[in-house]
């Protein structure tokens, strides 16, 4: 039986539904011939800023139970050097998504314009960055800020725009809807969870910035819940991520309503994690006689699968879940 | 370029309660490996510990390599329980090792504690390259002196020192180095940060240091292993990656803070 | 050297800083003589409702990477049978905190009144329950609802009132401040994180209520961050919980500003977890020459330790952290 | 009342690629244990898997007990790798076992697959109590028939059946039971849910079933192991705890759904 992994995310088409998440796969130039890049839908490069950034002092990364915390501080060569020196070295077979991070609206607009070149397939707007205008609150915490940011970026590029949500937002669904209204072609989530680790010997936080971002299998159940909620609310395709380590994990995100997934921390454990996950998805599809991956998208939702990638996702908006299920702690919920 | 390999465990030696040597058959990795590089070992079958664990290449053969390690946490505990015949996923050779394309030189190796791990492969390669090698091995006490005989058998001059004098001189590896009449042409050091810091202060010849930081991916993907290496004009700290730019750095490439 | 573990939480005094979290230690009657109850500060009993509840259908509990998800559905005998039949069987040496859960304000008021008897040392108000009035949104998601609920409960009991926050709130700190204004004597957090797991074979959520609550070591770094934020904002003592498995974990919460901690999921792994944790704290205090546990409270905070239990916590309110550190993803934070 | 004990591993037998028996010295637990009860085993030194794993008590001695298990995931995988001399933390005896205070009766035991695990201890105890025991052991094929000889040696009449007829009759354990000329006075069953469901349909004598659900604490603390057991007047489902009210229930105590 022929398995089709081609994944359509609105204007963006990928050869596989599994993307390398920003900041966890470098620039796609580090793995040489050891990793089969043809299995990777796209590489989302490490977040880029206008000027080069040297990043945070060590420690930048620690291990937590089934997860990792990082505070890299967006070390990157800056958009210009990236385009001149790095981009040409990325294997041609690999689709490139440019992840941009700014402190002001103008930063993002300039970044978007500069990155809008043929070799780049899409932009991912990292809204988890502090917005200087609003006393450094992250853009992605506030629907209005996200709406304006998305609209501005969208206006300054012809490329598909992915808005990447932070799970630390008071209301992720509201922010997702704001991004959609702002013109986002695709929504991706989740970024890392704001977390803390304390060095009890030194009696102080482990990270110089006090907090750091938590990712990895530990947080997958929460990320999956958020993806389910967002996919149920927006009409545009969703890229789900957060803790994916195995094909089974990826399938959960697809069945929750994500049209594609991204894998981050798992690349640190195994640089060949993504090809392995893609193979596992293929095996599952063969076993379950699923010919096209889009048939799995939303398969676990009450309203059943729907090929959101191809944009017939209206059904999703009409989805009405019992607010009890969605908003209250599961503790109090007894089955009707 | 590193490779990934499911390496067969050939032998597990217990040198002390908490110190082990594991010998692997890992031809793809061993073939290209150089002294001072490391292998990044997947210690958990499941997902905890989540990350791999880095270990210097201890001894090196055409198709075999070994690691020498101390059990300090869960990853090394799991590693210490493997049995011959099992396979472990290794990633390597990773990072940049010691410069070994020297010849006709007198090279001084300075090792502190588990920092002796890379020295056998290093001494062997340097001697094969027609160099003269003096190896200073410092340890807490006699029980923690590893590889001295092996390195001597390779043809190096070995000087042992311990904190309590239970083996060799009763002094630190660095003071032993300072007391050398002939400091040679170049020095390679591996050990605890305070020792590397001291070495950097006192060494006159070219000096290369093998550093340890927490390693994430080990392949340059995550930028998690930053080592301060200099400053920009406007005084910002610039970092190098221990996993790919290192773990071996020229002393002038890194900023070490006194501990 | 003499170690003093006595813990003062405003009006509530405990023999040890470690409490058994609600729903994870039954009613303190299940462990017989096998667990040294004298090391346990108090047992917070399984959430009680006005009427008996039979709970949710299986599965109610699954394992996730370094965590567990549960959807027990508040199975409990109801407050009356609890007081008549269960309470008398709880070993006298064990302090009892009654955890109450209601659907309406009146439920809570009645529950609080009924539970206000000598054998009970304090009430813990579980605000993670759906509030019927507001389309089943949980009380604890909304500061105003939490304020009113707290005030009403406080007015109907002479017992110390602990308000237990949900980490799913849009702004946990705002809810904490609302509870404090409402008269809460103590704030405890966190309850479980709303999460999802999907059965890929059956292509549907694992739990009958779709979502369930995630707890255990996996979420500790997030819980610790929230405790740090809340302890920095409120003046009343804080009980920190979420993923504590070892003494080291408990010490992190104390140093983050919690005056006491609660242990939940770890009891499922080891019913003797709490005595082991208390011993570990004692050993740490001996090693570090700390004579009173309160000296550790807030020790990792920039403003240093302060004995909030005894109520001199004004300093805490004045704490000003850089908003960048606190509200944005750690990703973008480079050290000043 | 259950106890917690660091039990020494005395012997690890590999019966098949994925089936093992581990014998423990666990005097505090063994002393009070009864057939059908389980031990809740801490399989991970670290925190993953997070929860213990429950296993029926397979064989029972004054100060020893064994578990017979199949590797199906990470917990059982870790368990299968323990070595004699190691200690594992066991919690038990947990739950309610089979009624063994019968005597002079003819008891029929019906086991399917790994459901045979508790049967040796059970048969032994019943026979010692002066009962007559007939044990039906059903399995996929001959390789998966365990404990048949052992139970026969104890003095029970053993009837083996397999799905493919490679050992004993080619039929299911329940159809074997149905074909019994003498169905005895009481029946005890342990095996997959569909088999227990069938047994509940066809059995005329008193019937006790050993159930499996996901177990959390195993001690009644978490209410995670709910088993539907009946209905209230107003039609709500009432649950029992498998870990303390069970795992062995009288057939009338539980609602089983056809699978």
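Letters are used for the chains, namely A, B, C and D, taken in the order the chains are written, and counting of residues starts over at 1 for each.
Operating definition for what follows: a residue touches a chain if its C-beta (ideal position, glycine included) is under 8 Å from a C-beta of that chain, and two chains touch if they have at least 3 such contacts.
Quantities reported herein were computed from a predicted structural model and do not represent experimental measurements.
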| item | value |
| --- | --- |
| Most distant chain from subunit C, judged by the mean position of its C-alpha atoms | B |
| Separation of mean Cα positions, subunit C and subunit B [Å, integer] | 46 |
| Whole-Å separation of chain centres (CA-atom averages), subunit A against subunit B | 37 |
| Whole-Å gap between the CA centroids of subunit A and subunit C | 32 |
| Contacts with 2+ other chains: residues of subunit D | 47-49 |
| Numbers and ranges of subunit C residues touching at least 2 other chains | 23, 54-57, 65-67, 70, 72, 216-217, 245 |
| Touch-based graph of the chains, sorted into line, ring, star, complete or other | complete |
| Residues of subunit D touching subunit A in the complex | 47-48 |
| Of all residues in subunit C, those that touch subunit D in their complex | 23-26, 30-34, 46, 54-63, 65-68, 70, 72, 75, 216-217, 245, 265, 267-272 |
| Subunit D residues within the subunit C interface of the complex | 1-4, 42, 47-52, 89, 91, 213-214, 216-217, 219-228, 232, 236-239, 244 |
| Subunit C - residues contacting subunit B, complex | 65-66 |
| Complex contact set, residues of subunit A against subunit C | 23, 47, 53-57, 64-67, 69-74, 101, 126, 128-130, 135-138, 141, 166, 168, 170-171, 191-200, 203-205, 207-214, 216-222, 224-225, 228, 243, 245, 248, 251-252, 255-256, 284, 299-300, 321-335 |
